[in-house]
Every structure is written in C-alpha cells, then in structure tokens.
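In what comes next, subunit A is part of two complexes: it sits with subunit B in the first one and with subunit C in the second one.
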Partner chain A sequence: MDLSIVNNDYYLSGMAALIGDIDKQLMVMLRDGRTLIAFLRSLDQFGRDKGYDEWSIRYCFLVGNLVLHQAFERICIGHQYADIPRGLFVIRGENVLFIGELDFHQPLRVPLIEVTIEEILKLQKEDIEKKGRIEKLRQKAMIEHGLVGEGNPIEEHY
Partner chain B sequence: MLPLTLLRTSVYHPMLVELKNGETYNGNLMSCDNFMNIHLRDVICTSRDGDRFWKIPECYIRGNTIKYLRLPEDILGLVKEDTNEKPSRSGPNSRRPFRGRGDGGRGGHGGRPGDQRKGGGGGGRGGHQGSRGGGRGGQQGGQFRQGR
Partner chain C sequence: MLFYSFFKSLVGKEVVIELKNDLSIAGILQSVDQYLNVKLTDVQVLDPEKYPHIQSVTSAFVRGSVIRYIQLPPDDVDTQLLQEATRKEITQPRKE
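Take a look at the complex of A and B:
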C-alpha cells in the first residue's frame, strides 16, 4: 500500500487507503477463494470510523465496492497456474478477503508454471473432487466422534 | 467514477451477476439503486455447479446477495461520454479539488493533495452525492478524519 498517505496526522482507514492504489495492478482475493489480478479503477466507501476509544482501537464499518479493470482470474493448482481473462468487474466489498499490490519486477518466490486454461480447469476439477472426498471422510470421522460440524457459514445463509 | 455510477450507466446493457451462493445470472440490467438491488430482464440463471440452467424473463436481485457483477468492457467508454454530457449537479462546490465530506481544508489535506484522477477518488466523490447510501445510516462516504 502507498505508505505516503499514512502518517500521524492524516491516516486513511480501511478502503480509503486504497485510493493510493488506483490505476495500479492489484491482486484481489475473494472470500470464495478466487484470485483476481486487475487494475483498480475506482472504489467507494461508506460508514465511518468512530475514532479511537480508550484502548486506541479504531472502529470502522466500511463496505465499499471496487471497480476492477482488465481482470484476470488466476487459478493455481500446486505449481501450475493459468490466467483467465475476465474483463470488467464490480465487486461488492464484503466479498473481498484481501487486496495486495503486485510487483512484477521481483522474481517469484515460488516458481509457477503457466499452463493452458483447459488444463488448469481440468486440474481444478480433480482438485475439488479430491478435496471433497477428503472432507467427506473427515466429516464422517468427526460425526463418529460426536463432533458435528458447524457448516459453511456463507452457504448456510444463501 | 464510482462503482454505483458505473452500474447506473450500464442500464440496458448485458451483464453477469454472481451471487454469494455461487449462482450466476446473465441478463440485461433494467434498473439499479444505491443498495445495488438490480432488476434484470431475459435472464439465464446458472446453478453453482454449472449443471442446471433456467431461463427467467425478469428477476429482481437484492443487493446484499451479490458477490460481484461482470460488465462488458465497452461500458467504460460509455461512462466517459455520460460524465461529459451531464451538467455539474452541485454547482461550484463540486469543483474543489478535495475529497471528503465537505470538511473544507481538513478534507483537502487528507489523501494525496491536488490529485485529480480521471476515474478514481471514489471516496471523495461519494461525499458529494448526497443521495448515496441513503439507507445505510445516512452516512456520507469518504470521511477522512485526522487520525491519531
């Protein structure tokens, strides 16, 4: 994030801190596990921070939205990845897990191999099936021990 | 340009909406509001796993169930035209180069000074448009307060 906007007097909290990252290429991870790489074009924010309480904790409720341009969805399975072009996105802020700045000049710490989109989708399907099987076994074992899972909080509501 | 403004200019255009439960709705946007509630027409609904499809002539989606919207890229070009044509709504006030709720000088120093971005500065512009987020506690956007 742009640190020049963070100093003692003028601190932008939450989404507003992203203003310094407009027109930059960012990596956005959504709560459903999707990874997007795109240019941040604009954002909004509402709610406000209530300032500090006696323990110096900031209260702020901010559920803004993001406009992402030239977005690629990056799917990584193991060391293989593929970028699927997705275009223009308007994302509701509450679905964002985190947003990070990308530095393409640095070499990748984990060497990733690019594959074709068909290939990665195939790998993804297999990966999901495998994880599903493991999860089922886990659930079964948990139930046998009397531990009933709490379910997926997101899927429960919708 | 604000995300919701972008949405408003994309009325009558096709779009894809993905809900939090993973269902996707492909259709033409008929109307939207500040809560991101949308009304779509000629909709094709795809289930989460992509194996079931429904054709729905019209549907209304509540804003808070939306995960994201995918719009056609040419909307951005359209948006630029729209903002050039629309007359300035709030008169001389809107031309001041600051962001924030109208807190004058204080707001002017928050963030990057003198930064007039073409598409960004979302927080500040939100502060100007008084009707935005009316139901959300009536708070104006982009309140940049002096932090500790």
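Take a look at the complex of A and C:
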C-alpha cells in the first residue's frame, strides 16, 4: 500500500485516518469499559452518508468495524494490572470509545504493578461490588429527593 | 456542516476532550470528520491516578458520539464570527 496517500491528512480525516494505523499495536476502549491492546489488522467503512459534498462521501464514514489480532484485555484496578490473552476480535464500530496509539517506552507518571490474572479478577470483582453499592446508595438518595435515576450515559445514548 | 468547518479551523490547537465516561484527555487536534470523530496527537490523560493504563497512549482517535465536551482554547475562537455563521446557517434553506 502506498502510505504517502494514506498518511495524508487532507485526504483522510477522522475515522479514515485510522487506515494509517493498520498493523500497529493499539489500545481500544469499548463502551462496556473493557480495554483491549491489539494489532489493528483491518477496518471497514459501511454507513457512508450521502448528501454531503463529494469530499466527504469519498473519505468519511460513520461506523468503522475493526479487526483486532493477538488481542489481550488489560484490566486495571487502582495501580495494579493484568493482561488476559483473548485472541482475535471483530468489533462493531459503535462500541468503540477511543483508539489510542501506544508508546511503552515513555516514562509513566503513575507507576503500574503487574499482578496475576487470578489476583486482578478478584480485585475487579471487589471493585464492581463496591461500585454497585455506591450506585445503589446514589439511586436511593436520588429517589428520596424525587429524582429518577438517569442510568449509564454511555449505555443509553452513545 | 458548520461545526465540522469550525473544528477544522481548530486543527493544530490544543483541546481537552471529555468523554461520556468522565475520561478527560488533552491533546493537539490532528483531524476531525463530519461526525466529529476526532484524532489527537500528544495525548495526556488529565487524571492519571484514575486511569493509569492510558498513560502510555501517545495519539488517540475518539469517536464523536461518545464525546460530552470539547474544551477549546479561548484565543482561537472568534465567537462573533461563529454567532454570525450560526445565524446565517439557520436562516438559509437547507441544501438537498
């Protein structure tokens, strides 16, 4: 592929700019809160919206589905983390929050400690329970004040 | 398309993007498309204590639909011009 065309920002803006990130190791955050680190192998461009100018029709698209290879899920609770190997992922574009390019050589401002998968799963379970308890209290307080809970904004209107 | 053009004029400026999951990231606006998906370079997470695993991210693509706010550099926004442009767009009949 001729990368000089691909990396030209005039031609490829927004989602299409990701074509330049193919085969790089990326961090992808999903709407359900999961974080994956994987190689981006492919993306597609369905949902092209007609009715805009020629330039937009040709190069912009709404949902880009992603194919991630050698993915591992990084669970991070507090300053501890663990990576769980997951393999191949095909992700529907609407579930993607954020795609980041990584530089593991950059010094970390907040140090991270790697722990075992068992440990992180235990920590994650505790963390989810804690968040659930806080959410329950919050909902109860809101109902007492006559407010109906708004739910999770990410889940509801992404 | 007005705000798409507006954000295109801010390319190269430093912005802070707040997502609907309360994650805030600062970076230099690299590109934007018609859905207001944005691409940032020189990314910094504003709350590294809460999101330590995002520290090693250098550039990021953010899907427009999950953005709650974009904080803009005040000196680079001509509010007068923007107001005029919004009024002009609303009075103009929409192109088919």
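What we mean here is this: the second predicted complex is superposed on the first by the 126 of 158 C-alpha atoms of A that agree within 3 Å, B and C clash if a C-alpha of one lies under 4 Å from a C-alpha of the other, contacts with A are read in each partner's own complex, and residues count from 1 in each chain.
The rule we apply is simple: a contact is a pair of C-beta atoms (placed from the backbone, for glycine too) under 8 Å apart; a residue touches a chain by one contact, two chains touch by 3 or more.
Computed from a prediction, not measured in an experiment: that's the story for all the values here.
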Touched partner set for A:G100, first subunit B, second subunit C, both or neither: second
Touched partner set for A:C76, first subunit B, second subunit C, both or neither: second
Which of subunit B and subunit C A:Q25 touches, first, second, both or neither: neither
Which superposed partner A:Q124 touches (first subunit B, second subunit C, both, neither): neither
Which of subunit B and subunit C A:L112 touches, first, second, both or neither: second
Partner chain in contact with A:I91 - subunit B first, subunit C second, else both or neither: first
Residues of subunit A contacting subunit B in one complex and subunit C in the other: 9, 12-13, 15-16, 49, 51-52, 56, 154, 158
Subunit B contact footprint on subunit A (complex, rising order): 4-5, 8-13, 15-16, 19-20, 22-23, 30, 32, 40-49, 51-52, 56, 58, 64-67, 69, 86-92, 95, 154-155, 157-158
Complex interface listing, subunit A residues touching subunit C: 9, 12-18, 21, 27, 31, 33, 35, 49, 51-52, 56, 60, 62, 74, 76, 79, 81, 93-94, 96-104, 106, 108-110, 112, 153-154, 158
Residues on subunit B engaged by subunit A in the complex (per definition of touch): 1-4, 6-7, 19-22, 36, 63-73, 75-76, 99, 109-112, 117, 119-123, 125-126, 132-133, 136-137, 139-148
Residue ranges of subunit C touching subunit A (in the complex, touch as defined): 1, 19-21, 23, 25, 30-35, 37-39, 43, 48-49, 51-66, 68, 96
